[in-house]
Each structure stands twice: as structure tokens, then as C-alpha cells.
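Heads up, the next two complexes both have chain A, just with different partners, chain B and then chain C.
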Partner chain A sequence: MADVAIPRAKPQMSEASAWTQLKHNRNWLGFWFMVPAMAFLIFFLAYPLGLGIWLSFTDTRIGRVGHFVATENYEWLWDDSIFWLSVFNTLLYTFVASALKFAIGLYLALLLNENMPFKAMLRAMVLIPFIVPTVLSALAFWWIFDSQFSIISWSLKHLGLINQNINFLGDTTWARICVIFANIWRGVPFVAITLLAGLQTVSPSLYEAATLDGATRWQNFRYITYPLLTPIIAVVMTFSVLFTFTDFQLIWAMTRGGPVNATHLMATLSYQRAIIAGQLGEGAAISSAMIPFLLAAIMVSWFGLQRRKWQQGESND
Partner chain B sequence: MTDLPTRSIDLKNVLSGSSPTADHSEGMSYLQSVPRRIVTLYLPLAIIVIVLLFPFYWMALTSVKPDEQLLDLDRYNPFWTWSPTFKHFHKLLFESYYPHWLWNTMYVAVCATVLSIFASVLAAYAIVRLRYKGAHLVGGLIFLAYLVPPSILFIPLATVVFQYGLFDSPLALILTYPTILIPFSTWLLMGYFKTIPFELEECALIDGASRWQILIKIVLPLAIPGLISAFIFCFTLCWNEFIYALTFLQSTSNKTVPVAIVNEFVDGDIYRWGSLMAGALAGSLPLVILYAFFVEHYVSAMTGAVKE
Partner chain C sequence: MSSVQIRDVRKSFGHFEVLHGVTIPIEDGQFVVLVGPSGCGKSTLLRMLAGLENITSGTISIGDRVVNNVQPKERDIAMVFQNYALYPHMTVADNMGFSLKLRNAGSDEINKRVKRAAEILALSPLLDRYPRQLSGGQRQRVAMGRAIVRDPQVFLFDEPLSNLDAKLRVAMRTEIKELHQRLKTTTVYVTHDQIEAMTMADKIVVMHDGIVEQMGTPLELYDKPENQFVAGFIGSPAMNFLKGHVRVNGAATFEGPNGVKLPLKTAPTASDGRPAVYGVRPEHFTIADDGAEAEIIVVEPTGSETQVFAKLGGEQVVAVFRERHQFNPGDKVRLKPDPSLVHLFDDATGKRMNA
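Let's look at the complex of A and B:
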């Protein structure tokens, strides 16, 4: 037994030491630590992203395997006036909503940064629109903007400002205003609270010094607050633009793209074409057409971050 | 001037305090007279807060109003009701699948969140502390993954879900939601792990602890605030998610609350508003209650995500 055990023990020893070495190897350990996250991201994010681009070059429908049709879907979309209308709507929606979200959010952040009673409670209350699921608050807006029983129409009528109900979601211009308003309503708390976090890092002594030098409130804002806040504004607005651009649920719950496609965004149009009409290839082409816009937004974010590092005098690590 | 923003955001202070450096609570506000403060501060603030909260008041009021008061705006004042009714909630709880939907949403949200936090803790620890070859690159890629929106992924994901035979099952959502949650929570936890002193780990390594033991016994207990933040934020994101749930689920009893309310309650019935608003209110309440208990963690998750 003994001379059987000894030769066996030796390879075990060397194997164990190789195993211990491996156990302390950063790359080997790091690989295994990354496996769960990477598995999710590769199977359900990277692969579908590639698959989506591939689908946009095929004529796949629901329940039928597609064939490669080169750029036929894109050529079809190029001549599709509804597609161009949705691009226009998306750009209008993103631009107007983001600009107003930024303006109101910054204003709200400046107001919340003042000293006042019940400060903590106010700040907590402001965030509630951001907590509640978008679809559910969109339903509340749907009811507020109802064509017959709208509380806004009722109030305006009783104030004597209008004679008949406003057809909020039935008129193209009003419908656009309403969805943009709902989007701003939902986005302002996020912008305000994140900018507030940035504001709180600005040392009050800077304002005191500037005020002693005779700076007005506007000069305080323009030459102290704004420059110090620029980096965080860049990041927050990138997120805001990205999520506004790809918005789906607010529109779907309030108007489903109507009236006469006036509120169709690229995301809602791709859902309608791909899932409801079953033209997966065409829907994929519409959503792939969003990618260049998203890349542009990401580039802006990237340069915003670079600039921040440069301001802080850090190397790019 | 070395104290530039975003470096030293004190997350706990966002809600409660003003600047961490301001020990004098008055600040410079004494420079302003009271009437001026009312016009420049309290009035605009009141208007914004009222606009932000009015939809919830309206939601709550509609859900307890009797039907005849809902549609008769001439005889009753629409801004208040003296005869609240729980009829709509009763209908919701006992004559619809609502409890089912609530359970589905909860189940999917908890499972997806737990899975994502598990994966993110390992990934964040490996990126920040193991620093394997290419860790920085992987960190950058994960940040990019955060920027990929669900609305360009749902079409190919629908085909993937169909291929794997997951269509119309909660598992489809449990497996796809982590793609939204993992990038966010990894990024958040990386920030937390960076704040834990290296020396603690070095001591443990000298004492012979394995990396796994270090993670479980040293890093995680110290990162509990970060874990809570990540958990709450992920849970909220799951609850809020709409487009995947709308695309991947078909049968009425499998749906999540947001999708079910939009699709099942919106029929031609003119009296639907009461139960619709009751459903919306009941679907928001769990999140609002959770939020009320963990406001600070929530805010730190939100600001932490843009901080890095």
C-alpha cells in the first residue's frame, strides 16, 4: 500500500501547488468573477444588438425565417413619409423636452439649494414622479387630458378663458404638447436632484467672496455655479437625451402614436411595424436607424467626461 | 478651487443638508428680505411642487370617487368628494387578475434584481480589486452597455426569447431585465468598492483568506449601503420596465402590472376611469412606500450613477 501511495502523492503535491498558483492568479480569478455578468451581457445584450442589425437586412416576419435582402428595408423606409415623420417627431420631442427639462431642472435645483424649512421633505417629495412607474403616471395624464372630462378644460372654462373643451390628445399640436409636457414632468426630478448633488459640492465661500467683490446674483450663477457644474451637466444631459430619444412607454400609454401619427416616435413606430404588423425586418431597420443618433450622444458624453478629467488635472486612467 | 464638483459629492447630504462645508445654517440668505424670498423662492417652488404632485392627487381622488361624480362635472365640484367609495379597489382586487399581476411584477422584479446584484458584485469586485488584464476596458464596455436602450433591443430579443422557448413566461423577463440592471449596478458598486481601504484586504490576504472569503466577510459588509442602493434602484427599474414585458408576455394572467393595466383595463367602458386610476395607484404604492423608507439610498443610487 505504501509504495502505491507515494507515487500518487507526488503528482498531487505538484498539482496542488499549480492549483494554488492558479487560485492567486488575478487574470484567472478575474475571469471567473466576470462570468455571470458577462454571460448575461453577451447573450442578452451584445448578441441581440448584432442580431438586430442583421435582422434589419432581412425580410423576417413573425413565424417565418427571413432571407437576406441587403438594404431593401432601408430603401423602403427612405421613401416612407411616416418614417420621416417619426424621425421629425423624435427629434422635436427630444430637443424640446431635454431643453426644458434642463432649464426647469436647473432652476428647481437652485431653488432647493436655498435654506428653508422642511427642506428634506420637499426634496423627497420632488422625486416622487421619478419613482412611480412611467406607464402609471402616463395613465393619470391620459385622464387629465381626456377630451370630455379633462380637469384642465373644466378649470379653464370656469375661469372663463375658453368656451369649449380642448381636445388635448385628439389634436396633432395639442397631442405633441401634452406628451412633451408629460415627459418633462417625469424628467425634471431626475435632473434637479442630480444637479442639486453637484451644487452642494460648490463651496459657499466662493459666493461670499464674489458677493463681497460686488457680484450680482446672476454673476454669481454665471461665473461660479455654471462653470463648476458643467461636467455634471454634461453627464446628466447625455442620459436625459438618450432616454428621451428612445422613449416608448409614455407615448404608448398616452397616444399610441396617434392622432394621425403625430406623436409616433421611432421606438413606437418600430414596435408597431415589428410586433403588431409582424414585419420584424422593417421594425429592426427602424430601431437600427436610432443607433447613429445614440452614438452621437455617447460621443458628447465621452468628451464631457474627458473635459472633466482635464479640469481636475488627472491623467486619463 | 481644488474642490471641484463630482469628486466629493456627499451622497447622504443631498436630501438633508446643504453644503458639507457650511457649518453656519443661515448662509447668505440674510442678504434677502422676506418679501423678496417669497417671490423668488417660495412662490416658484410651490408652483413646481404642485404641478409635480397634482397627477397623484388626481389619481388618488379619481380612484375613490363614485362613478356618477366622475362624469358629472356640473353638479359636483371635481376637486373634492364627500362620499369616497372603495368600489373600484374592490373590483380590482376581487373581480380581476390584479393580485396575480401584482404578484408577477413582484416575483420578476425580485428575481431579476437578486440575479443582477449577484453578478454585479462579482464583476465590480473583479474590476476594482482584482484588476485583471483589461479590467479598465471591461469597465468601459459595461458603461457603454448602460447606454444601450431597451427600445433598440426588444425586436431581436423577442426572436431570441422565442428561440429559447421562453415566450410568455416570467423567465423571459427575469433573464432579460439583468441586461438593464447589471451595467447600472456594477457601475454603482464599483464606486462603493473603491472607497473601501485596500489595507483591510491586504491584512486578510496575509492571514490566508481567499478572495472569495475577502469578498464575503470584508468587502460586502462594508458595502451594505451601496448594496441597498443598488437593490432599491434595480427593483424600481424592474417595476417600471414596460417594453420587454409588453413584447414577451401574452396571456392575461402572466402580465406585469404596467402592461396589464394598459392592455386589460382600457376597454370601451365609460366608467373605466375609477378602476383604471385605482389600478395605477395600487401599482405605484409599493414603490412609493419603499422609497419613503430608503430615500437617501435611492438618491445616492441616482446620483452615484452619474457621478462616475
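Let's look at the complex of A and C:
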């Protein structure tokens, strides 16, 4: 049968033109479906990224085409204490804010996963900080932490705990605490809601089985909830770290990097040098210096995200 | 091992009562099957026994101890869930040893007991696998292994076979029964499948709408159902019911639909003219010259037996024959119920009338 069928099929094949073949080629069709997304990514992501890296190797200023200066910008930065301060600030900001966002977010998620009255409403309320535009909430915090009109200072004074206003955004330590606090306030809903979604995928019968096996509430969390939640924790914390590390809006609206550069992050410093001061090359170099840190964060999550052994293997039913 | 006493147990969710006073004595080592249609409260009762649901009123005791307010982990029971509830991130060995680990048993002790349970269930080669890598039947066995390892007072099974295909279900049924014969641990098993109940149980408890309809050995329930519900629930194909009246003039007979005369061995006392329901199991029909005339509608041969659907007095009945009759749709046959195996139920209450 096969011997007969093959020669018969041949002439049909050669009759089809190259164009007809192409029309029926799924890869070709697939390519065209991908083009819009690819174009979007190339123009708005790959191109700016490449341009930024290129600019960091030039002495471009606003209004003047730059020349290639090799690593001169980076050499300058290496000896720039403000740059190193911003690196320190960024790491501190990212580390403290992400850790607290994770802790508070997980706690909230566990709380919201319990059966309680007004559950749906509480869940919706948790999202509020997330919906408010960043700049708006930053402005609100700006007022809350204002040196003269701060509601916190006012309340504490009326409670008799302090007798003069706290200079929240004017003191280096306080300013750092304040921006980190604002970032946490804004970032917790994302972590909480995502972890809550993860919690809800855990079958309740697992907890029942564990309870019958003799697990306490803590053991339920330690041996069931936490291990089952690790994949989603890896995803949510990667995003959280990336967003926090590259944060710009909140800082710029609240402190503009002050006081004395105490809250300057790499992103705000880059903006200040590139746009405000017009040194595009140097600003680009600061931005590009963030890349290794971000890559490192992504690598960590890459290994964290890798399918764990228990998630592998096909099911037979 | 322990006996279990369920005394006048009620359960309400809000104002809605789902169990209306259930009393079930379970002897030490007995295999008791709670069976009933969905929504009858059997799973709720099992979960109350496990301590996963509160008891609204009444008492449940395991051994000599009333466990109403005892935490699930202190009740010394093990449960096999319908979806097995295996911990997906633990290997088979860790799944089985989890309860021992929580009780701070030494790793030697855990290994020993897990190994023994794995041998009983033929799971030894699978101990390092994760649940995802197992077939349905293997997962089922791991779930049982998790229960065995603990050597509990009572095993609870919540519809453990309903996620398996038909063939595997039959095999696992035998395996569970064999396991019980070996371990002799008191077992409470919930199912909606009366075949499972009949084949596995020492004692069947038929539940319906939050009450116990009847309890007894499988054959007691089959031979002497106390009411029409149990009669219809136990046995497959289900018992035929024909409405009519008892007639006692000389020999007792039953006047079925459209005046069809059906035989009765004896009439219950003072029952002449009483409206009643005549129950006859499909396997208790014979073809006889003095039978009632029926018209065949459908014939379903299964090889070992032949199921015949026919119209008797205008009502559809089903009869099962071991012999291979050559029937065709439209044929007239004379069906005769075996009078000594006929059941008679009160038309109003559904209670059994004959002895």
C-alpha cells in the first residue's frame, strides 16, 4: 500500500506553487501573528535599552551629539561618592522594603484567606493603595510627612509625646524611613493579593488531612502552605524586587533624592544627571549600572522558579 | 481498635438541619458502610466522626471516650479522602510518614513503619516518587498507606473509590476488604454506590435525608428491606414496584395496576383491600404458564444474564434471567414473581407489611 501511495502523492506536491505552500505553512502564519508584539517590544523595549547602553559610552548632552568615549563615564562614576551612595540607598531601599512587603503581604494574605465577615469587602479594601496613582499617594505622604503640617507630628504633640514637630523629610534617617514606608504601603496589596490567589489554589482537604495527621496551625503553615506557595512567592517577590529597585515616581514626588542625597536611588540620580543637568551620557551610565543588579535578581528568581521536583512528571490519569 | 458509638447525633448548618438524630452502634473491628444518595448526610456524619465538623447535639464516642470536644488529632483516627489529599510536595514515603514526623517519632521508627505499610500495599518500589508520578490506583493506595502507618483506632473512608475507573474500582474494593480482614481495624466507609456497600460491609447503614432508614448485614437488607426506600436502593437492577391492593378471598393475591393478579404467599393480617406497593426484584421473576401477561419492550443480554424490560399491567418492569431466552420486542410472556420472595409495602408510609 505505502509503495503505491508515495509516487501518487509526488506529482501533487510539485504542482503546488511556493506561495501555496507558504500559505499553508503554520510557522509562516505564526510569524505574522507574532509581528505586532515583536514590533512593540523592539521599538519600546529593545531599542531604548540598546540606545541607553550606547549613550552610556558617549559624552552626549542635551542638544549636542556625543562622541564615543569608551568607559569614561563609568570611570567617573567609580570615583563619584554620590553614585555609590545612591547604590547603597537603592540596595537598602529594595532590601528593607521587599522583605517587609513580603512579611506583611503574606500575613495579610493568610488573614484574608480565613473565613470572616465582610471578606469580599476587606479584600477589595486591601487593593486601595494599589489603585491610587503613585504620584497621588506620594503627594499624600508628602503632606503626612510635612515638616510643619504633618498629621503625625500634630497627633503626637496633642498626645503630649513630643513637643516639637519631627522633621520627617528633612532628616536623613527619617527621610529614608518615610520613603520606605510609603513604598511598602503601596507595594503590599500586590504581594498580598497575589499570595492570596496562591493560597486559594491549595485544596482545603490537604489541611484537613494534615489536621487529622496531627498538625498544629503552625505546622499546617510550615509543612503544607509554605512549600506549596514557594513557586508563587518566587514570582511575586521577583516582580516586587524589580519594581522596588527601579522605583522613581515615589521618591521624586516626595523628596527628589534629598535630604543631602540620602534618598537618592539610582533611578532618581540618573534622571537628575541626564535630564535635569543634561548629561545624557552620564545619566545613561547610571541607568546601565542597574542592569547587573537586576540581572542578579532575575537569576535568583530563575533558579527559585525552576519547576520543583514535585511539580514534574506526568500524571497518568 | 475500638468500638464507635453514635448516639442521637444531629447536625445543623444555621437553621438547616441535615442530620435528624442518627444512632449507629459500631462494634470493635467491624466494617461499616454508610450508604445513601448524595445529600443524605453520610459524609457530614463521617466528618463529624473525624472531628472536621462540630456536633450540634448528641454524642459520638470512640472506645469509652466521648469525643465531641476532642481535637481531631487526639481522636486517633485516620481518614482516606475522596481526592486522596496527598501532599503534592512530598514523596510517597514522606506522605506516609508525615503523621509520625509530627508526633516526633524517630526516623528509624518512621522508616520501619512506612516500610511495613508499603509492603502491605505493594508500594515499596514507589516510595521515592511524588504523587504526580503515580496512577490513580497507586495514589489511592498511598492514601491508605498514610492511614495504616498510624495504626489508628478507626479508619474512615470518604468515597475513596469514586475517582477511579470501573475496573480499578472493583480491584480496589477487594484490596480494601482484604486489608480490613488482615488488620481488623474498625472501619467506617462512606459511599453512594450500593454495590460497594453490599460487597464490602459487615454492616450497612442506609441513610436518606438525614435519617437512618435501616441498618443490618448486606443480606438482611437485601432479603428484608424495612421500607420502600431501602428496597429500591439496595439491589441492581432496582426492585420493581407495582401499586395496587391486597385481596384476601381464599388465597391471598395482589391486585396490581389495571387489575393484574400477582401472587402473595400470605396476606398480612387485616389487610384486605388495603392499598399497598408490591415489590419484586428483577431476579425473582420466572417464566411460568400461570404468570401475569407482559409485553416485552427491550432485551439487554449481558452474557451472564439477560435483562428484559416489559410492560406488566401497563407499568414497566425489569426482569433478569440467568437462562438464555429467545425474546424479541413485542413478544408476550407470562412473568411470575416468586411469592416467597415478594415484598409488600404500605402505600402511605412505605413501611414493610409482610414478614
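Heads up, the rule we're going with is that the second predicted complex is superposed on the first by the 285 of 317 C-alpha atoms of A that agree within 3 Å, B and C clash if a C-alpha of one lies under 4 Å from a C-alpha of the other, contacts with A are read in each partner's own complex, and residues count from 1 in each chain.
Note that in this section a residue touches a chain if its C-beta (ideal position, glycine included) is under 8 Å from a C-beta of that chain, and two chains touch if they have at least 3 such contacts.
None of the values given here were measured: they were computed from a predicted structure.
Of the two partner chains placed by superposition, only chain C is touched by A:210; chain B is not. Of the two partner chains placed by the overlay, chain B and chain C both lie in contact with A:228.
Within the superposed three-chain model, A:219 lies in touch with chain C and out of touch with chain B [touch as defined at top].
In the superposition on chain A, A:277 makes contact with neither chain B nor chain C.
When both complexes are overlaid on chain A, the residue A:128 reaches chain B alone and has no touch with chain C. When the two complexes are overlaid on their common chain A, residue A:107 makes contact with chain B while staying clear of chain C. The wider contact with chain A, measured as residues touched, comes from B rather than the other of chain B and chain C. Within the superposed three-chain model, A:23 lies in touch with chain B and out of touch with chain C [touch as defined at top]. Across the two superposed structures, the residue set of chain A contacted by chain B and also by chain C is 203, 205, 208, 211, 228, 308, 311-312, 317. Against chain C, the residues of chain A that register as touching in their complex are 203, 205-206, 208-215, 219, 223-224, 227-228, 308-317. Of all the residues in chain B, the ones that touch chain A in their complex are 3-11, 13-22, 25-29, 31, 41-42, 44-45, 48-49, 51-53, 55-56, 58-59, 62, 70-71, 73, 78-79, 115-116, 118-120, 122-123, 125-127, 130-133, 135-136, 138, 142, 144-145, 147-160, 175-176, 178-179, 182-183, 186, 210-211, 236, 239-240, 242-243, 246-247, 257-259, 261-262, 273, 276-277, 280-281, 283-284, 287-288, 291-292, 295, 298-299, 302-303, 306-307.
Considering their complex, residues 50-52, 72-73, 77-79, 81-83, 85, 87-90, 98-99, 102-103, 129-136, 146, 150 of chain C touch chain A. The part of chain A that touches chain B in the complex is made up of residues 23, 26-27, 29-31, 33-38, 40-41, 43-49, 51-52, 55, 60, 104, 107-108, 111-116, 119-120, 122-137, 139-141, 143-144, 146, 149, 151, 154, 185, 188-190, 193-194, 196-198, 200-205, 207-208, 211, 228-229, 231-232, 235-236, 239, 242-243, 245-249, 252-253, 267, 270-271, 274-275, 280, 283-284, 287-288, 290-291, 294, 297-298, 301, 308, 311-312, 317.
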